[in-house]
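You will see two complexes here that share chain A, one where it goes with chain B and one where it goes with chain C.
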Partner chain A sequence: MNPFKTIWNIAKRDLILELRRKEVLFTILGFSTLVLSIFVFSIDVNTKETQKIVPAIYWSAIIFSFTIALGRRFSIEIENGAFEALILSPISKDIIFFGKFTSNFILVLISSVFALPITSILFNINILKIEYLLLAIIISFGLSTLGTFFAIMSIKVRAREVMLSLVFFPAVTPLLFAGVDCMDKIIQNNNFSDIQSWIFFVLFYDAIFFLISLLLFDHILQE
Partner chain B sequence: MKITKLNFINIFIIFTGIIVVIDMWMIFVWVPTEINQGAIQRILYLHVPVAWGSMAAICIVAFSSIMYLYKKAEKWDRIALSAAESGAIFGAMMLLSGMLWARPVWGVFWTGEAKLTFSLILFILFIAYLMFRAYFPKGIQQKRISAVIGIIGAIDTPIIYFAANLWERAHPPLIAGPAATSDSFISQNIILTLLFSVVTFTLVLSSLIFLRYTLRKNEDEIDLIIINKT
Partner chain C sequence: MKNQKNINLLEVSQLYKSFGNKKILENISFEMGKGEFVLITGSNGSGKTTLIRIISSLCSHDEGEIKIFQTSLKKEFEIVKSKIGFGMHNSMMYDDFTGKENLEYSSDLYGITNKKGNLKNIVDRFELTEILDKKIKYLSQGQIKRIANAKAFLNNPKLIILDEPDSGLDKQSQEILFREIIEEKKLGTSILLASHRLEKWIDIADQVLFMKNSSLINVTKDRKNLIF
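Coming up: the complex of A and B.
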């Protein structure tokens, strides 16, 4: 079978499941809105100083909620034995990784873009810009690569959600740095050249970890 | 009572002990007190070697993890585990000594500086490696997944350091203290003591890894006996 079609089939299955249950999207959106609104309650949003920490709040909210959603998503698969069946099916392991990655990527991207207007409204700043979309795409790429990899890796471990965040957070700190700093600069109406080095850095990070995940994926699935 | 044989590991540990005593004498007695910072500067001779040790440990973890995935020999997995445990101890010592040093000199325990962020994440990676190992059901898959975490952690650490440096350019560190303004006076004796400390703590790290390695080997043998009996 055409490998692209297989990848799309795996991703489509996840997305259909998501459309019916609306679990991950609602987790990410609900949780991130909650985190954002807690900050709105606890700090004075209209001062210049607090506006500087909005990017940090936004990205922390996205990363936290994505971790929760990942844990949820893969626990459903394990409960019903779906993931085991997927591994047993006669398709290459890389294609499974690609498929899972694609569905995660689409979900993170949608939710991080959707969380933008919420942040914009709650904190009274304008962050709806085209540079931001590029940033969201490349950061979501990195987040979903490592997220998919670590989520599949922690399928068998006890206290799965805790273990997932324990390995996931330190590994994606560079993306967090990049996201916060770039967003800060975009809010301050800086040029594209200011965030250029970060963009290249994130692209480099994405490429490296995508390759490593592909290389090591076979090892984490072997029984 | 049977007298323990003087094998290589025991001789090595005794040798390390003697070196540690000499090093402590050098740090607390021999080396002159630094002019700017006073006695507190002596933390340098502990802080730099343990930081070096924790970085050496993550390199050992990464190398032996790669060798484990490649060769599938138990030996490499044991070395990786021993290095990770010793590295976690060294990492904790690095953070503690660094904070104790930073408080009187910089006026704060912690700042968002690149090296600090990097060392904290390095420490968390060691903890993640060990916790993942402890929480995973025993078997070959546990060792393989630990190796994968070790490799990813080791690749991630230089990238984190680079990112933290990029980040810092945007937010210059707000460090103001006596050490930030005046030129530090580094004498020949200070460098010599520092180098000797680095060598000492490398020996300490190696003996910890050696000891943990033999312990792990014995644990595996006991496990094998239990499996054979049941």
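Coming up: the complex of A and C.
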């Protein structure tokens, strides 16, 4: 069996399922838009001070909405034991992880990119730049890695959504800091060299947690 | 040379399982040969489903050893999975996919080459044509069970593990399942089936494992020797 084909098969089925249910994407898009809109009504968007908190609002909206969506997404997996069918199929656990990660990555990336023009319009700032796209890609990668890992880890826990939030938020906090600071510097028209260290940090963080998740994934699937 | 029939396809020895202080399985041992039909029976809560889930590696055990296709469950289960068909208590299917989409997904995961032909064969055998294109969420429990049972036969397995495959089925669907299990048995496929409906399966069973209060109280091939 071609592993890449199997990974795509898992991710493709997840995305088709999502297109039919429209739960996860709508949750992320709806919730992030709502959070951004609430802030617009409560603060004066034309001051410099306000523009400094826009990155924090943007990334908080993405992370909170992704957490809600993750909980829902993996509830679907356990509803009729569909995830057990994956575990019982003759594919390695790594492939399952890659497949689930890929679909999560696509969903969170769509949401992060979709929220950029909304933020730009609502807060009257120009953030439609290639640097933001790069930032959205590498941070979405980290969010998907940790999200997939912790969501599957909490699958067998009774209070799974509480458990997911408890472990997911502390783990993604460094990514949140990096995202906020990078975005702030890009808004202030700083050079790429100013955010270079954060970019390397995020890449390193992504790589380390991707490897750890891959190594521990087999273990967390055991009871 | 060992007779093919005597080769142990499944060996369970001194298996123990507890959830907290509650003993679920206690000293379970049995063997299953190639082409055998083994029925695990007993009342609700006797530990049948837990035993099936442990053998399927969905649940860990505290003590004991399990060998499937003469390889250890803990070490090399990944290798032998492609030879096994699983039908668990729940459907293991996505509600928003049709029966056909669920079966196709399973075919992809098992790397079945002649996907269309194989699917048609299974659909014909289990008489699923009418319900195949409906989403799982619009089907009755019995119809879902029919597709879930068919899924266990999809990869032409050498061993089929079924947990309560007859629950929720109407008489006609039960007959189809019964007929297909007999057909598979004739082809030399081994079948491990858990059901509390002893009368339905006892005539074709090569071995009956009767469970009560977490233990195997009786392992027999003869209906007359069954102790309840």
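Criterion: the second predicted complex is superposed on the first by the 223 of 223 C-alpha atoms of A that agree within 3 Å, B and C clash if a C-alpha of one lies under 4 Å from a C-alpha of the other, contacts with A are read in each partner's own complex, and residues count from 1 in each chain.
Heads up, the rule we're going with is that contacts are C-beta pairs under 8 Å (C-beta built on N, C-alpha and C of every residue); 3 or more make two chains touch, one makes a residue touch a chain.
These figures come from a predicted structure and were not determined experimentally.
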| item | value |
| --- | --- |
| First (chain B), second (chain C), both or neither touched by A:222 | both |
| Which superposed partner A:86 touches (first chain B, second chain C, both, neither) | second |
| Contacts of A:208 with chain B and chain C, given as first, second, both or neither | first |
| Contacts of A:157 with chain B and chain C, given as first, second, both or neither | first |
| Touched partner set for A:48, first chain B, second chain C, both or neither | neither |
| Which of chain B and chain C A:9 touches, first, second, both or neither | second |
| Set of chain A residues, in rising order, touched by both chain B and chain C | 222-223 |
| Contacting residues of chain A [partner chain B, same complex] | 153-154, 156-159, 163, 166-167, 169-171, 173-174, 177-178, 181, 184-185, 197-198, 201, 205, 208-209, 212, 216, 219-220, 222-223 |
| Contacting residues of chain A [partner chain C, same complex] | 1, 6, 9-10, 13, 16-17, 20-21, 76, 79-82, 84-92, 222-223 |
| Residue ranges of chain C in contact with chain A within the complex | 56-60, 78, 81-82, 84, 86, 88-97, 105-106, 108-111, 136, 151 |
| Residues of chain B defined as touching chain A within the complex | 69, 117, 121, 124-125, 127-128, 131-132, 135-137, 140-141, 144-145, 147-149, 151-153, 155-156, 159-160, 162-164, 166-167, 170 |
